[in-house]
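Letters A, B, C, D and E name the chains as they come in the text, with residue numbers starting at 1 for each one.
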Amino acid sequence: MTTRLVILAMLSIAASSFGFTPANAEADSNANGKELYQLCAQCHGKDGLGNQVALAPAIAGQRDWYLLNQITKFRSGQRGTHFYDIAGMRMRPMALSLRTDQDVADVVAYVAAMPPEKPAATLEGGDPEKGKTHFQVCLACHGPNGEGMQALNAPTLNHSSDWYLLTQLQNFRAGIRGTNPEDVTGAIMRPMSMTLPDEQALQDVIAYIMTLSESK
Amino acid sequence: MSEAAHVHHPNYVKVWGILIVLLVLSVLGPEIGIKWVTLIAAFGIAVVKAYLVAKNFMHLNVEKRYVVYLFLTALAFMALFFFGVAPDVMQGSGTNWEKPGWDAPAPVAEPGHGEHGTAESGH
Amino acid sequence: MIERYVEIASTYGGNIDALILLIAALVGFWLVLCEVVFIGFIIKFREKPGVRGQYITGEEKHQKRWIAIPHYLVLVCDIVIIVFAVNIWYTVKQDLPEPDVTVRIIGQQWAWSFVHPGTDGLLDTEDDIKMVDELHVEKDKVYHFKLEARDVMHSFSVPVFRLKQDAVPGRIITGWFEATKLGSFDIQCAEICGIGHGMMAAKIFIESPEEHQKWVALNDPTEDSKHTSTVAANNAAAN
Amino acid sequence: MRPIATTRSATGIPTGRLAVWWLIASEIVLFGGLLSAYIMYRLSHDAWTAQAAQTNMWLGATNTFVLLTSSLTAVLAHKAADNNDTDGAFKYLWFTILGALIFVSIKAFEWTTEIQHGYTLTSSTFWSFYYCAAGLHALHVIAGATIMAIVSMDVRKGKEMQRVELCGLYWHFVDLVWIFLFPLLYIAK
Amino acid sequence: MSDSHDHHESHGFMSYAFSTDHKVIGMQYMFTGMAMALIGGFFAYAFRMQLAFPGMDVPLYGIVSSAEYNSLVTNHGTIMIFWVAMPVLIAAFGNFLIPLMIGCDDMVFPRLNRLSYQIFLLSAIVLISSFFVEGGGFGGAWTSYPPLSAKAEYNLTPLGSSLWLLAVALEFVAFLLGGINFITTVMNARAPGMTMDDIPMVIWMIVLASILFMASVGPLIAGAVMLFFDQQLGTAFFDPDRGGDPVLWQHLFWFFGHPEVYVVLLPAMGITADVMCVFARKKLFAYRTVLYTAIGTGVLSFFVWAHHQFISGIDPRMANLFTVTTLLISIPIAEMCFVYIATLYGGSIRLTTPMLWALAFLGEFMIGGVTGIFLGASGSDIYLHDSYFVLAHFHYTFFPIAIIGVFAGITFWYPKMFGKMMNETMGKIHFWGTVIPFNCIFIPLFLLGIGGQHRRIYNYEHFPELAGKSMQDMRVFATVSLCIMLIFQFVFLYNFFASLLKGKEAGKNPWKSNTLEWTTESPPPHGNWKELPNCYRGPYEYSVEGREEDYWPQNIPDDEPAGGAA
């Protein structure tokens, strides 16, 4: 962006310095990922902290393998093609705009390297104590501190936006996510989400997860 | 410099008096509560008042004709705009289209997120 | 002519192409005439030593004739074009034939959702088939579509049908088509709708009656017990 | 010193007045566009009638009275300027400005009351139009008062007397707009 | 800050920046417009490269993401219309030419004139600043249809969209002030003896354009206020969920947007008329017909706006009405073109650089004009709407207007503006280097549009029917042509600045032209003439029989047989 600013400033002056070449010598090893992330930043924010009105969750601090899995699912249509998945339909074209596997890898690496930050809580009414009981089912895969586990394809929950966790749990339960026949990992999560008895349980377990990210 | 500026000055206070009487009428008329009386009191009198102000205070009666034509043209364009737009914006439905919920009482709400909001909370 | 670029797969596609050709012929004639005369004048009246320009006011009757006659001819061409254009517009957008099937089309950022009526042939019932980015229609049947938008304006465009209609939030716009060719074709969004506009592609599948029946049966949400719960949940979610 | 161009008058209308006519023409379409939109929405939403009933017609009527009266003083200022009555023109200009101030004060009081009752810009589209149209008009009132204050400084010295008429014309136009806003926003229920 | 007419000219920066001289303000408009044209051209380069070579790291720009692409096309369109065509064609030529051509010393309101430029400059700065705020520049197309433009969660440019709107509104205010000044000046301040029939066509056209602008822009300013409130304050004027109607904005926009086309077209037509008459040494064929057709076009242009909305949700019955009016507008425009062609008949044509530009304007504009019929006819618009056919059509009108017409004007009046002649050879190189690539850019785009390619799509790989090799080849061809054209613009820039330094002295009247601006010094002094001229005849008395000279300046009384030219 700085380069662009310089160029525009030049053009507006319309001076004689036409032989200018941009100085791309910054020591950023992942310049491609950084540049490609600019599109993601429109919704997820330049620090990857998400933006609820754009339906974009926080992604800073998410594991690279999980990011790669999900982008791949979006690109292949395993996610973001359900009739009621409004947010997913916004994400799918964005994932498709990455042209090569290398681009995907670069962007994933860039996002995974972002410093994580606990997003502010937006939900009210969950009871973390009750949620702790419900979380016993989750920790088998997601780990006692919600740190996630690659072997079981369980992402970290520590840095996710609470409203996003709620939406996704609701989606899993309603069959909006995890029902695509090719989405094998999602299919594992769907029955797990059904073990939560009711809507209040979702709130509770998320309230508990939010305390986890605090304790980290 | 302004030889054309010296106009005959009518009795402005008299014009003002008429305007005030009209104003009182336009306020009292709607109190009767009959719809067509309200409309005439509100808009008929407004047109008369506008005419009086334009004629006597703005001296359009002694100004060059084309100034009047200019204003009438501007008003005509607005009428054109109105009649070009009204079939779409003023109607709740038309040939092969409809606006569901167009005439529903306007919701008094905080700025919301439209479909996004419902989509999020719906699942 | 346009068929060489884009196939025609609807009943009125050929009419629209014919209209475009008609206009091309009429305006092409005038364009070529004007350009030829124009370039001819430039060549013929180049500056020559000793030859002065002529003093022609263009205000006299016999001079004005050169403008007036073409100008009436242009008017005639305009009227011809108006007649055909309005005629085709009337068929495509105004006077809808009775539908065999009605589908609902919903545009949102950035995908097309389609509600097919399912086995019972009625919209808004249990067995509606809801798809994203896939519209399945039967050949030689009159389809009505109810076009809606969830968030911003989109435009439902099927180039092979020569059909385009904007989807406006807050409105339900009805249109029609009748497919005449088997195959799968592009559906595009033709109205800028945000950063994903360039990727808002869907497909229309035009199928024979047998194929279409098969597809409906395969996707019938009420047939499959696995899907039943999904649909119930979906309907709950939709409310 | 102004250019010779300004002193020419091929149309017979003095340059300043001609420009004010064009300015008013452009304002007609501006308010015309806004009010056309308002009328279209209004006619198709019956629910707005109840909301329009919440506006304070008496304050609106008082404001109409104030503006009509200030139009009178504006035209009296014009008459005084034509008679080279410097003091009279100055006095009547300031009467007009006083009218503008009263108008704006009433408006401020009215809006404060309404906002306290919970009718804000975003309450409904009727209120959006109400604040938008009346606000745009109030901006014109303030601009007109400012211009008259500036012109009055010259007038006191007996200079640029023709400008009294020009700001008067503009003022009458502001009055005209209010004459139509008043029934549209306050009376028609 | 003095607006007095004393002749001690202090050359400080402040006295230049705050000058009230119409010529200085005209130049300020022109240079601002040229700088903005460079930005607009650079944007075109960036997004054309993306289209030809998707995903490419564009030299001097970087990777063009879909969000940036939208922002680039939006601002390319906005800049080229509002910050290039309008300021250069109307404001720059209007300011420079009106007082000189009607024979007075300045605009009637010099300080209002300066204010209008300052507001315009502010609007340009606001627009440029909108590219650098959080979220980037606005990307909802220059038509800015809500709800996309009204809600940040849809357009994802919370600040960019509002700054864009603010900039456009400021620009309108600037041109309203400027327009009032132009109209009043021409109506009131003409030289003694100059009747309506003696006003040069370019002045007529600029005034008509200003009137059209003034009569049409009001609703859009009101609409801009409403949209701004929707964006920033949460009102619901255009929000269908809360009782608004997005189609209202379309009407507000296009009620202005269509006359706007003629606002920029007419001045270019006027420039062409003047340049053609001078270099064909001909009287304008049927002066009054040209005038009446221009007025007719202007009036008709208010009746056609909804043809931009045929398929965007208006009632289909209305489309029939607007088809009729739209096709009718082809009549005055066609007539105007016929008159221009007839003007060439019997001339003595000198193909100087300005004349080449003027002729190219006519030749290219006719293509743009006739392709409009396809879009104005509702039936064929169903297919062609929002396709590249539309894009190519309006570039075939706007490019001749905003680029070719402007170059005709600049090269023609350059001697008067700066007192130097431009280099003819370089001028011709620049001419051919612009006009040929221009056709090479947009003819393929016509074909792509017929092939069903839609607008504002950043990468056609996602649409199988559009991703074919032959279509991609056409995109590459167009992009390469664009780059060639852009490179040739440097020839012009070099010629422009080099001629300032070492160009041949122009003298008072290098083109042997009739109109009044050529009777004073080049460049004209402050106050334009020592003694203001009178006018004795029409502007196009060339090759009058019985006169020794083939031109007859407007300021020469009838009894003086020979022209007093330099």
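Convention: a contact is a pair of C-beta atoms (placed from the backbone, for glycine too) under 8 Å apart; a residue touches a chain by one contact, two chains touch by 3 or more.
Keep in mind the model is a prediction, meaning the values are calculated, not measured.
Common partners of chain A and chain B, by the touch rule above, are C, E. Listed by label, the chains that touch chain C and also chain D are B, E. A comparison of C-alpha centroids places E closest to the centre of the full protein. If you compare A-C with D-E, the chain pair joined by more contacting C-beta pairs is D-E.
If you average the CA atoms of chain B and of chain D, the two centres end up 15 Å from each other. Inter-chain spacing, taken between the CA centroids of chain A and chain E, is 46 Å. Note on chain placement: the centre of chain A and the centre of chain D lie 54 Å apart, centres being C-alpha means. Put simply, the C-alpha centre of chain C and that of chain E have 31 angstrom between them. Listed for chain C are residues 93-94, 108-109, 150-151, 169-171, 173, 195-196, 198-199, 237-238, each touching two or more other chains.
Touching two or more other chains at once are residues 9, 11, 13, 22, 25, 28-29, 32-33, 36-37, 40-41, 45, 122, 124-125 of chain D. In chain A, 39, 42, 53, 55, 84, 86, 93-94, 96-97, 170, 173-174, 176 are the positions where the chain touches two or more neighbouring chains simultaneously.
Touching chain E in their complex are the following residues of chain D: 1-6, 8-11, 13, 15, 18-19, 22-23, 25-34, 36-37, 40-41, 45, 121-122, 124-125, 128-129, 132, 136.
Every residue of chain E that touches chain A in the complex is listed here, in rising order: 31, 34-36, 38-39, 42, 54-55, 57, 60-63, 65-68, 128, 131-132, 135-136, 152-153, 156, 459, 461-462, 490.
Touching chain E in their complex are the following residues of chain A: 1, 3-5, 7-8, 11-14, 18, 22, 35-36, 38-39, 42-43, 53-55, 93-94, 96-97, 99, 103. Every residue of chain B that touches chain E in the complex is listed here, in rising order: 73-74, 77, 80-81, 84-85, 87-89, 91, 94-97, 99, 102, 104, 106-107, 109-116. The touching residues of chain E, counted against chain C in their complex, run 65-67, 69-70, 139-141, 145, 147-148, 154-156, 240-241, 244-247, 280-289, 311-313, 316-317, 319-320, 323-324, 327-328, 330-331, 334-335, 337-339, 341-351, 359, 362-363, 366-367, 370-371, 373-374, 377-380, 382-387, 447, 450-452, 454-459, 462-466, 542-545, 550.
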